[in-house]
Amino acid sequence: MNQANLTLLLKQLKDGSKTIEEVQNIISQSSVAELGYAGVDLDRAKRCGFPEVIYCQGKSIEWIHGIIKELHQAGQSCFGTRLEPEQISELKKVYSPIEIDPLARTFWLSGTQVIPKIPGTVFVVTAGSTDLPVAREAYETIRVLGAQPELLVDVGVAGLHRLLKHIDRIRKANIVIVVAGMDGALPSVVGGLVDVPVIAVPTSVGYGAAFQGVAPLLTMLNACSANVLVVNIDAGFKAGYTAVLMLRQLQKGN
Amino acid sequence: MNQANLTLLLKQLKDGSKTIEEVQNIISQSSVAELGYAGVDLDRAKRCGFPEVIYCQGKSIEWIHGIIKELHQAGQSCFGTRLEPEQISELKKVYSPIEIDPLARTFWLSGTQVIPKIPGTVFVVTAGSTDLPVAREAYETIRVLGAQPELLVDVGVAGLHRLLKHIDRIRKANIVIVVAGMDGALPSVVGGLVDVPVIAVPTSVGYGAAFQGVAPLLTMLNACSANVLVVNIDAGFKAGYTAVLMLRQLQKGN
Amino acid sequence: MNQANLTLLLKQLKDGSKTIEEVQNIISQSSVAELGYAGVDLDRAKRCGFPEVIYCQGKSIEWIHGIIKELHQAGQSCFGTRLEPEQISELKKVYSPIEIDPLARTFWLSGTQVIPKIPGTVFVVTAGSTDLPVAREAYETIRVLGAQPELLVDVGVAGLHRLLKHIDRIRKANIVIVVAGMDGALPSVVGGLVDVPVIAVPTSVGYGAAFQGVAPLLTMLNACSANVLVVNIDAGFKAGYTAVLMLRQLQKGN
Amino acid sequence: MNQANLTLLLKQLKDGSKTIEEVQNIISQSSVAELGYAGVDLDRAKRCGFPEVIYCQGKSIEWIHGIIKELHQAGQSCFGTRLEPEQISELKKVYSPIEIDPLARTFWLSGTQVIPKIPGTVFVVTAGSTDLPVAREAYETIRVLGAQPELLVDVGVAGLHRLLKHIDRIRKANIVIVVAGMDGALPSVVGGLVDVPVIAVPTSVGYGAAFQGVAPLLTMLNACSANVLVVNIDAGFKAGYTAVLMLRQLQKGN
Amino acid sequence: MNQANLTLLLKQLKDGSKTIEEVQNIISQSSVAELGYAGVDLDRAKRCGFPEVIYCQGKSIEWIHGIIKELHQAGQSCFGTRLEPEQISELKKVYSPIEIDPLARTFWLSGTQVIPKIPGTVFVVTAGSTDLPVAREAYETIRVLGAQPELLVDVGVAGLHRLLKHIDRIRKANIVIVVAGMDGALPSVVGGLVDVPVIAVPTSVGYGAAFQGVAPLLTMLNACSANVLVVNIDAGFKAGYTAVLMLRQLQKGN
Amino acid sequence: MNQANLTLLLKQLKDGSKTIEEVQNIISQSSVAELGYAGVDLDRAKRCGFPEVIYCQGKSIEWIHGIIKELHQAGQSCFGTRLEPEQISELKKVYSPIEIDPLARTFWLSGTQVIPKIPGTVFVVTAGSTDLPVAREAYETIRVLGAQPELLVDVGVAGLHRLLKHIDRIRKANIVIVVAGMDGALPSVVGGLVDVPVIAVPTSVGYGAAFQGVAPLLTMLNACSANVLVVNIDAGFKAGYTAVLMLRQLQKGN
Amino acid sequence: MNQANLTLLLKQLKDGSKTIEEVQNIISQSSVAELGYAGVDLDRAKRCGFPEVIYCQGKSIEWIHGIIKELHQAGQSCFGTRLEPEQISELKKVYSPIEIDPLARTFWLSGTQVIPKIPGTVFVVTAGSTDLPVAREAYETIRVLGAQPELLVDVGVAGLHRLLKHIDRIRKANIVIVVAGMDGALPSVVGGLVDVPVIAVPTSVGYGAAFQGVAPLLTMLNACSANVLVVNIDAGFKAGYTAVLMLRQLQKGN
Amino acid sequence: MNQANLTLLLKQLKDGSKTIEEVQNIISQSSVAELGYAGVDLDRAKRCGFPEVIYCQGKSIEWIHGIIKELHQAGQSCFGTRLEPEQISELKKVYSPIEIDPLARTFWLSGTQVIPKIPGTVFVVTAGSTDLPVAREAYETIRVLGAQPELLVDVGVAGLHRLLKHIDRIRKANIVIVVAGMDGALPSVVGGLVDVPVIAVPTSVGYGAAFQGVAPLLTMLNACSANVLVVNIDAGFKAGYTAVLMLRQLQKGN
């Protein structure tokens, strides 16, 4: 509840259009459905302009059903990430118009609220083939949030010509997301070739001293290109989400 | 050299307005001043719209003088970060209109090129007092790059009312930079209260199990708020720089 | 054997009511049942006021049966933690009035000794849904030790209103246990809102740079709120146990 | 501002004893003195019953003076920790009745508010001689907060008889703080000998694989005694502070 | 080949009892059976007084058969450690008089050479029940090498009386092996109670911040008792082997 | 595209033998087959003299088929590493003259291009039996790239005579690859005995504090022999590949 | 107090030769001088046969004087380790017949009690020159405890002939201590050449990925030679002390 | 002593031209000057073709003088690395024709033996200015060992055009050494542009999550370019030394 809402409420109290009890209830009441195992935010789409997101890993199928039900009743769309294989087959059975991307491990269930389109494009590039699932998670996130993703796969720095061939297209994007495991060197190189923010996503791809993504994470944090920002290992969703947040600045432009 | 420039060059070759040797020279020639100890990029302001930045730590004062001289001759402004105390006193002696912020450890030498103003604001908040030097580095970076920073100090989560008191002002910013050491919890909280990108900067402030910034770095990478991006430990410059890049999207807006 | 007991024994020896051999036996004899694979403390409930606790993970079902049998014969209750799925089904078959909480992975077998009630309340809160098993372990521990737990789930700092809505109830508790994975930021925030001890339990929930609980562990150790104490990763039992120990101070009050 | 205060304010608004603007001001206004480099909490003693604490390390002497001045004007006592040698000599010069413990690296400046006495005792024990500064920080914290500390030095587990000799005295305390570096084994042993909470403080004493306190920190987190809670490396203040919070339960007892 | 053997060979060459070729062959020839996947030392029992040891983990059953066959033909006994379950059932089928300890995961196949008895005793103690497999590996190692092991289980420092009850027996041993996971505090305590070498074996037992044995390993390396030596995590074999080497000093005594 | 090629193209443009569009296409066009999940380099054999290599781990069988198909159509040989068991059986079914080494986990499919023979020899030695798979990966790499590998297994430093017996043969090689897990000490020793480059490959063999290859990796990076170079943990392919690159210098010799 | 002493005391009580109070005093009384900053063990030489050892690092010169004074009054010798330079010059001034080894950073002050000679020899070898201070600490420890050390410097594995030249002398020792930094490979090699226990001491010598001794520590823990035991980084004293404990077995021999 | 030398010796013994004692002396005697603090290899230049190298860090000036003296008397050149500032000024005073490179921290003292020239070139490139000292150490090493180094500074991947401008020159080298701190991405990129071995040297340059060279070290170990080999952090000497060893293959070519 921000200052503006508080002023309104206090005015309503003052002029008698609301009682003390009513105001108190409004203030302390919140749009959270408390299910015992989860507190579902039912106002999120209204408040943030974005649908609620369910991180599915480690949640029982009963919990996921319960959360979807609450969101559905509130007319909200919902987006799920980190689906486990059994969850995918279970969700397919129950929700008929559900969109599932098995590589990205995401699902999308459209609610009654329309997601507004967001201008601008985000380029998602990967260093290798096995970075693709994380890149697809970012791609799907951008897509369901209403923006326009593009995807380019397997352009790691060991064969620089593969990247340079596409560099003019990449330069036209408003944001670039770079997904890389192993040496994690691609964001540094892409960062030096574009003048927009680069969101680097380390992946747990690789072996030995890659340490499940620690090596590319450190590389990216130390990127010598000053326009590189970093998210957690394998955090395709967060990369996509923050990219869309940046695009929204375009709508605010003069 | 992008596709457009290459096309132009090839056309000039074709129509005889340039010889083969001239085209080859242009392609292989670059605007880098090679000093033996540094390759100074003399086209950067033209190319990126931003002045060159000198990372001063570990460089001898002779090297810094040499780099400044090259940039000066090319009419470029230059911005220096991570100044060591002896470097500060040395620079003060030599360059009369230099702007030095000893807390931020930065200097600014204006060139002949004017830095264009960039719309929008960036709010820089710190968890504690001792995070201030890193926050000031971000602040100075934003300022010299032509955007508008605001600064709020010591609003860590242990006293949430200190932050909430200012939350309406913070919510008006286009980007929020959060600087925190120790537990690094502030970006997660701020991230949940605003709907713009949050750039989290871990600092090496703290003791014991803070491990010179590792603890807040990990906290920030794992921030449960989906709008939190992370830069390197103590990387105030990078936070400021990427924030300004995001603001430039405002100028691209419809 | 403390000073008081020793004095008594020596007096009995002096006045002839005990022989040298008897005294020696009492001193060297102990109430430990030695089973070859375990030394079971049969005096614990008498000595500490609490039943014995069996850490089940990695123990064969034969070992668990053997330990339960010894405790049963001594009239003691016993509480088991970290049950593995096969152990659960095995225990269900054998012990009819056993209480098993599959989410908490605990069992409780009541002995002939009554566990006295302990005044005061402990509030257990979790940052996310997947922290629930660890929180339930703490909850069950508090319950079987005779105190009064309360539980609030999924009130992480990304949606601060979910926590603030309940803050008055939380403030009434004597102790607060905060269970969180990922960024582990919740204890710092709760710590700033209450003036009682906060026991922080990092969980291995999360991915990437959460490193199976290392990230929230470090966050909690560095909590900027001065009232935050930490236990091991996923250590719901220890959190519950120490909370009850603190509550016992209430009984000692003037 | 809790529910009770809010109700009162709303009632005053309703009955006309306060205007909308007044209520808004009260809500958004806070008792934080904002100094540019620090936000000083002027209501803390009133709210928590404890004086404000200044973490001095890394703060300039000007900053410390500024903070003390604000607290002094508000009638508050203040307690400083982690004093650096130059800060000690500077403070000695300026504040005449200041109490400085150079080993603990703390200062205490009494304000007009009297700190109420808190019943119960806390036993502080150290494994070695070089753990003494951290133990003294805990000791001073307990003392200035109004409770009764006792101190026992150099009773590490390599000579168990040194500890056992004093065990009856230790068992009488309400809380035991154990300070240890190197192997950090003492809290596990003390924890097995007492039935009250044990607060374990790892210290950065030791060499080689002690890794500046990491080794004892891990030992303590894994303590096999269930009554051991852990704070950050060298965190004598936090240990003392949480111990006093636990003692306050005594006052709440029936 | 040591100096004495070389002298002999050279003398034989000099006096003509051996040809140049013979001497060369003896020097370059060695008693290693080269199997392509392993080089089996066939002289070991003769040279060291101990049978060959096969580390079975990761070896195919064909490799193990091949190595056993070579040793058998050379009349050597062989001792196998780290048996995997499928290896156990396979070995049971093939070698009739084989001794397999499934808890220790070892096998013993007696050759024609008799292992001489070694005087003195080694006490193996464990902190918990789940440390037993590693302790049994040490126990079996000591036994097959001809010395006398004793075993005491579950006497961790959380219940010091369990250890103290047996301390007089432990003090009579020539060497003490202490096996512990979790906090790894037991070797420090035992080390302070005996005046013989203590070999500490960290185990991967535990959870959370035990990090698969890193925590007890660090504890043991930092043991404040000066008589504590350390071997690798779960290295029961190495502990048993080095203990027997120390006992052999008894035979060398005056 | 190097300077020489660029000059040629520009000349062709100048003399009219190529149009602007043709030159542009050649420059931006590349011999990369873009499959959506992989960018396959079809010019590699021509450019580097070596066939393309497919890192199979984590790739679906469909992806592998697709990549092989592209290479086959381009007449290229292909070499696959890190085969998973299901991939092996799948590949065996489809490609009749395929060479699969199940221990090395590699496959080799000969194309129409002949791989030229490379002079010189590489000696691959392992410390233990379980290092053999990694050594075989190196061996196969050397073999398919046209050079001559030799292999010596299980000559770790615990039995130095096993190594010394073969040292004269090893000294004749042009390059030595040393594969070792556990203590990783063998490269230091071999490095001291030969005067050619030694490529050290740490393996994830071992237990406890070997930390899946971290221990031998660190040992090798710190090797006191100055001729030791290091590759990633288990990186048999990279060791073999770089060894062959070094051998190619022989062909460049006068 | 062991069982035998307790029996005696109880008998004296029974027969009236001691009163209850006398017995109680004896039991609870101990020979520890409690100085506030240290608990000095005054019975150690009597109990263990060895003089007390003072770890000087981090202790004030006043504390060291105090401890020496107590030991002196009890007629004990004392041995100090980890002397800091200022401590050395201070001690030299005060104690006239003190023996100080500045390289080993130790001092020795002889008391009235004679240290008995211990049979057998310990060979101390170092890999490099800069390992010498740690080796000297071990050497001095062995010497003052009454045994016979020998020292061989700079025989690291990069030049194996330097070691092999002396191997026959080394093989005659009862125990070998190997001190090494960097790759820490020497203990593995020495361990394979001798059949007595090898005590490995990692040193913090080296740079880069030696990580202040972590690399050699891990190497040594993973030594493939089964007779290698490990102590803490730079722990020359502990290596010397445990070696002497092993030698004492010689005296116990039949 | 290899097989050939042994055969010769044995023949001389057989034919009476050498006595048993003479042969024994030759075998056990070695060309190592044992100075107590160092074993100086006096045959190294003869055996390896290279002068002896002194790692100066941590050695006293007396030790360095002693070692130089021994080498001088044996007619050997000597090369010193890791000079500390005081050592530089001390050496300058004593040895008149000494060559000291203060940036590389090396010295070179020419002996009577001439170092033969080695064909081929090594290109040393650095990512940044502050990597220059390590690069100079490599450069000097190559130079004094008789080969031809070239140096290119500050061509990091953030400004790829700086590197590409020189790529044709780099491609002509036989070996490329890439020195980089921070993200360590340059070797991956250079590796993809050349087809010779690339030796990657991580430097401790950088801040925060660069962790004194750990970040670039991991990047380089995980380099996706297959021709990248790695040496220790800041190991300029080792990079130069191994590069020269590779060049020597050129001399062995047909």
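Letters A, B, C, D, E, F, G and H name the chains as they come in the text, with residue numbers starting at 1 for each one.
Keep this in mind: a residue touches a chain if its C-beta (ideal position, glycine included) is under 8 Å from a C-beta of that chain, and two chains touch if they have at least 3 such contacts.
Just so you know, these numbers come straight off a predicted model, no measurement behind them.
Both subunit B and subunit G are touched by C, D, F, H.
For the interfaces A-C and A-H, the C-beta contact count is higher for A-H.
Placing every chain at the mean of its C-alpha atoms, the farthest one from subunit B is found to be E.
Subunit A and subunit E have centres, each the mean of its CA atoms, that are 54 Å apart. Measuring from the averaged C-alpha position of subunit C to that of subunit D gives a distance of 26 Å. Averaged C-alpha coordinates put the centre of subunit G at 38 Å from the centre of subunit H. Shown for subunit G are the residues that touch two or more other chains, namely 3, 28, 159, 208-210, 214, 217, 221-222, 226, 232-233.
Of all possible chain pairs, those that touch are A-B, A-C, A-D, A-F, A-H, B-C, B-D, B-F, B-H, C-D, C-E, C-G, D-E, D-G, E-F, E-G, E-H, F-G, F-H, G-H.
By the touch criterion given at the top, residues 129-130, 132, 153-155, 159, 161-162, 165, 205, 207-210 of subunit E touch subunit C in their complex.
Per the touch definition, subunit D reaches subunit E in the complex via residues 127-128, 156-160, 182-185, 188-189, 191-193, 206, 208-211, 214-216, 218-226.
Considering their complex, residues 3, 6-7, 10-11, 13-14, 20, 23-24, 27-28 of subunit F touch subunit B.
Subunit F contributes residues 1, 28-30, 32, 34, 36-39, 41, 57-59, 63, 82, 202, 204, 213-214, 217, 232-235 to its touches with subunit A in the complex.
Contact residues of subunit E toward subunit G in the complex are 2-3, 47-49, 53, 119-120, 167-168, 171, 174, 195-197, 199, 217, 221-222, 226-233, 237-238, 241-242, 245-254.
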